[in-house]
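Handing you this structure, nothing more for now.
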Amino acid sequence: MDFSLSEKVLQIAQKLRPFVDGEIVPLEPRLFAEGFGALEPELERLRGRAREMGLFSPQLPAAWGGAGLSLLELAHVGEILGRSPLGHYVFNAQAPDSGNMELLLQHGTAAQKERWLRPLAQGDLRSCFGMTEPEFAGSNPVWLGTTARREGETYVLDGHKWFTSSCEGAAFCVVMAVTAPEARPHQRASMIVVPTDAPGFSLVRNLPVMGEAGEGWLSHGEVRLSGVRVPVDHRLGEEGQGFALAQERLGPGRIHHCMRWIGICERAFDLMCRRAVTREIAPGEPLGSRPAVQDRIAESRAEIDAARLLVLHTAWRIDREGAHAAREDVSLIKFQVAGVLQRVLDRAIQVHGAYGLVDETPLGFWWRHERGARIYDGPDEVHKAAVARRILARYGLEPGPRG
Amino acid sequence: MDFSLSEKVLQIAQKLRPFVDGEIVPLEPRLFAEGFGALEPELERLRGRAREMGLFSPQLPAAWGGAGLSLLELAHVGEILGRSPLGHYVFNAQAPDSGNMELLLQHGTAAQKERWLRPLAQGDLRSCFGMTEPEFAGSNPVWLGTTARREGETYVLDGHKWFTSSCEGAAFCVVMAVTAPEARPHQRASMIVVPTDAPGFSLVRNLPVMGEAGEGWLSHGEVRLSGVRVPVDHRLGEEGQGFALAQERLGPGRIHHCMRWIGICERAFDLMCRRAVTREIAPGEPLGSRPAVQDRIAESRAEIDAARLLVLHTAWRIDREGAHAAREDVSLIKFQVAGVLQRVLDRAIQVHGAYGLVDETPLGFWWRHERGARIYDGPDEVHKAAVARRILARYGLEPGPRG
Amino acid sequence: MDFSLSEKVLQIAQKLRPFVDGEIVPLEPRLFAEGFGALEPELERLRGRAREMGLFSPQLPAAWGGAGLSLLELAHVGEILGRSPLGHYVFNAQAPDSGNMELLLQHGTAAQKERWLRPLAQGDLRSCFGMTEPEFAGSNPVWLGTTARREGETYVLDGHKWFTSSCEGAAFCVVMAVTAPEARPHQRASMIVVPTDAPGFSLVRNLPVMGEAGEGWLSHGEVRLSGVRVPVDHRLGEEGQGFALAQERLGPGRIHHCMRWIGICERAFDLMCRRAVTREIAPGEPLGSRPAVQDRIAESRAEIDAARLLVLHTAWRIDREGAHAAREDVSLIKFQVAGVLQRVLDRAIQVHGAYGLVDETPLGFWWRHERGARIYDGPDEVHKAAVARRILARYGLEPGPRG
Amino acid sequence: MDFSLSEKVLQIAQKLRPFVDGEIVPLEPRLFAEGFGALEPELERLRGRAREMGLFSPQLPAAWGGAGLSLLELAHVGEILGRSPLGHYVFNAQAPDSGNMELLLQHGTAAQKERWLRPLAQGDLRSCFGMTEPEFAGSNPVWLGTTARREGETYVLDGHKWFTSSCEGAAFCVVMAVTAPEARPHQRASMIVVPTDAPGFSLVRNLPVMGEAGEGWLSHGEVRLSGVRVPVDHRLGEEGQGFALAQERLGPGRIHHCMRWIGICERAFDLMCRRAVTREIAPGEPLGSRPAVQDRIAESRAEIDAARLLVLHTAWRIDREGAHAAREDVSLIKFQVAGVLQRVLDRAIQVHGAYGLVDETPLGFWWRHERGARIYDGPDEVHKAAVARRILARYGLEPGPRG
């Protein structure tokens, strides 16, 4: 066992950390005051800087212009980018594009890669992922209402999606749709690339989520598909493989989320400590002299450090044994780190007092928008049950009906 | 001991509960989509209905047009109004006006009452309360930067306030200002009524709090006072009594907050249960059949019921022994109920899944705006320390320095 | 609503509290050092004092020599007795005798009352209750292995019980046994009084529970019944009513447990505060000056006060509407108060430091022996599910299979 | 970063794990039923087996007969030994001897090593460590009442100690005593080896801790020193170095405790899972099909895995940078892992139901005896404050008075 960071990671961190803290963080007040749209020109400029640093699309192999990192190395990068709500975007490592790139890379045909992965990798366009539906519980991912009926060499899609994040401004949407309603649950759906300008594809609205409809990349769309026609070669992988691909997409995807959350935690921790030493409760008495504040700092430090190691261990395992072998670990980190995230944000806000509620730090933004962390990509309950069932199966428990 | 509700409370509840659920709740989607300003005409209409019901300004004695209720009786009313973010406003029982009315009623001169309490009681104007300052920790309420220098029969006020809730549109602000900088800490400040159109009084901005600057009654102002001149007879109570009055204002004020929070809890509980029986996880399997959901419902029920009784007991004690005798209880309910509130909201959102994040229920609104409940009117830590010190003093602990 | 205590309760409390604190509490060190048996002569003397005070068997109606209290009044008494592990015993209000007396009083025939209730009420003998079985989950109370086969006017009992508390030294055991194996689950069992000297009834051992096998009243027996023969008139109530009677026995029984736990909490709170003011961390710095200690005191105060009100409210409701109407409340207090109990004990021990682990206070005794509070009489999970199902049924949820 | 175990650790684990589970665990019921003394012959036999395996005193360098492991490697061994309350004892790696060996190894003179380390390392005698005193708070380790007055080449010791673990049967005690009352607090005390048969050294009693006075190695002594005379060359290290040595002893000592706790957690987890698959709640319905049980399993898995990595990371850091550099980490793991330990034990007991309270598993033993884990070696509060102060110092907080 060796916990030391690779030279490669250290070198990247040395460049990345000051860039995030020095160039991206200062944009945050404008994000909160003016919205994502107003920032786009500035973000485009920073994306140029990211390209110059050779760290644009870091999640991709070198052949596709990426940094060619292992998942474990990438995890450290993700933590640093996570320090700001804009970090991943500037480096073209943002969800949902990052997951779509991974999908295309592993399951796209050469033509699909050229058509969709290439411009995504270069940051020339954005994409979205249409899975969740308002009428069906997201915690049961095989239960879908959207259909893709085959007519010769064409799929005709009909359905209703929401929480289609970043749909506004996206060039295409990877849509989960039922292609074989009579098949076994896990083989009913396929993934199909649908250009957002296809007739019948409409972004109904950006959902008002926690007080904000947002814009562009920072929004969650409600989408209708009404008789949308796309050629059969827009399908990723085999017919019926949709669920399997989604699972595969989620493995590394959860590492990305978790490390981004660790980054958020570190930033919140940093803000909490700064506040503790600069804010006085009485003349000459800094907040940080108070045990209630010290407790929060110590507990956060322990929880963040433990959570990070758990995620890194999972990334290491995926690197060595593949996402399938590590799926129990992946479920474990999902609920564990989401819980740490919420507690650390809560403590950081409490230490800030009223100032923690004002949109002059990103704490309130994360309090609102990461409440979803315990829900999206599978709510806590689903992951806990999945972990426990796998463990108990090793002790001999027969797989029974859920519940 | 008798836990039965008085006939008076039962009769009011019978009228009030259907009105809140049937007339006020349906306005909520518009509140979240269009903001407070757009709703004002509609709210004015409902205020008319409230007057017809004889329940407008219920917190006031009958002589001032109120319902003449004991604090215990009023607590039940406050819970029902709390079921909607608009409930208290419609009945003119909203903070900060409600607290200002109590102040004026108890400490105003006849002239002050006629000039400021009368129109407040009738809902003809709104007011605000200027206490918190950005430069000074709210957890130490005797440490203020705003000054009111006396020049003959005039006070000249200079200072900087924030979280001056509902300042936009208010006719006057009750300002806490230091009138005797050399006096003992608890006798330095006075409360002074400052018309918001007085020269030198400026609302700098509505603070962006948890993503929203809000408007009108639903906003938190940042305020500058620069050489604002008001006659000495704008002072409430004696010079140097500001802190004592603030404490007195907070006693019943915390009952109001706590019962409003109980109302929020009950509404969230109601939404959670409705969701549990209507949302299916799989065909024929309602969410509510899941033990993780059942746990949340049972734990919430226990916590809400226990919290309500604790608040009602405190109100009963204030009615019988006065706010001073009950100040330990008042601190106790403040942190205890704020904690229950956050946990119940958290559970209700989790049971709703992604839908709980969308502004189609008030859950997200409260998640954002009641995160402050553990901070405003004294953060948890301050109340816990206050309670413990009083208890330990009875065991013989010498009052020492804080900390 | 009126939270004031009745004159009757105040008068009893005035006598009882000093007696418990002054006469019973001082015996505790001997209990921990020498065991229950060594204390019996001394306890017998105190029981005489209890009789003189007119408070022996307070739970019984005056006609049976009891104090004739409502359940609400009795609750206050139970809290005071709960301050010491020996309190209930001295006043002949201890489980399981107290529950057996209630059973006999309500469901015994005149002859049964004369034979078994009379000497129990006078404290002339002790009894036990045989329900739990090692082979069957206590959380499913209708699933039993012990049988009572009828042969003419005789029952022949065979089975295996454990956690038959206070079996050692008991004159008889109320045994739950299946009398109709083919009946519907809730109608299979009956309650039968079995003298412990009946041939075939054997106390195998006192279970080693949390390091102690205990003795006499303070023990938990493992019992074998092998062809034990008792006349049919030893059955309480009708055949098949066993489960119904057990449920009925548990309603007030849980009030008794909960108020005893509140008494334990108050004692632990008292010990914690005393320690906080007498123990110094450094010269002149009492423990209680530390915020970590203050937090624990304040949180405990809030939780205990809220929990007590919840139990009292439930007792009041049982008095007015009966145990059946209040069964949701009864489940609610069971898990809620058991949770508060464990947290308060945990805090009190932590504040005591190493001294809290030494058997010179009752804290360690309760830490060990009340860990069972979240298990006996139905584990938390069962009560939470029961509460939630009743609530959701009111929202229209179909009663489904457990799960 | 590389999380794979070294070949050396894997080989040791392969031998050790089956030995612990197959040879030591089966002795536990006798430990609980008969006490430590009755088991000694059997344990002596197993110690022989441990010697044959070449794993006796694994914490020592090869030159002293140990396994010559790094702290990181040793951590893995400690986890396996921790699976049983007897594991460390069988391998002569038990506290307090293990810490005393480390002390002697690093700070003993050649003569001291020969005299005391040699027989300890060979398991020929046992020792104890006298630090805690009943009259002084353990959370303030520089505040002591025991004195060692120098008279020529002799120290005369007077004092009162308790929680002198394993004193009964020990050959000597390493006593912390004030040698320079006027020195600065951290330089007042020295460590002195006192033979337990020295005149004036008396074991007053084994403390009754959580219901058990215990015996031999499994006991906590109360000790009086009355004019005990020992030669000056019994002092370890320099005069005044006592506190520094104690700190140094605690660094690796806490790794040992933490990994032992992880071992306990794994054992409790294992018991919980076995119970979940073997115990039925209703015919054909294993406990493990219940979500409340699944939640506990998943949460425990996440917490244990995260905690283990945190400890291993700390051990790795001590190996590379020394105990001083890692002292923040050491404080962090102390409170974090102790908390995980208590929660995992609590869940395992709850899943077992009543059976979890019976001394047929070690769960109850640990519930009682590891409640001290959050207290001994510095209570949670002290470690949290220490961690936070170090962190805040890096942010510029002036070191202030404690509190």
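Order of writing sets the chain letters: A, B, C and D. Residues in each chain are counted from 1.
Heads up, the rule we're going with is that a residue touches a chain if its C-beta (ideal position, glycine included) is under 8 Å from a C-beta of that chain, and two chains touch if they have at least 3 such contacts.
Values in this document were obtained by computation on a predicted structure and should not be read as measured data.
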item	value
Topological distance between chain A and chain C, in contact steps	1
Of A-D and B-D, whichever chain pair has more C-beta contact pairs	A-D
CA centroid of chain A to CA centroid of chain B, Å	37
Centre-to-centre distance between chain D and chain A (centres being mean Cα positions), rounded to whole Å	42
Rounded Å distance, chain B centre to chain D centre (Cα mean)	51
Sites on chain C at which at least two other chains make contact	289-292, 295, 381, 384, 403
Chain A to chain B touching residues, read off their complex	32-33, 132, 134, 137-140, 143, 162-163, 207-212, 279-283, 285, 287, 289-292, 349-350, 353-360, 364-365, 367-368, 371-372, 374-376, 379-381, 384, 402-403
Residue numbers on chain D that touch chain B, as the complex places them	290-292, 295, 403
Touching residues on chain D, where the partner in the complex is chain A	1-6, 72, 273-274, 276-277, 286, 288-289, 291, 293-295, 297-299, 301-303, 305-307, 309-310, 312-313, 316-317, 331-333, 335-336, 381, 383-385, 387-389, 391-392, 395-397, 400, 403
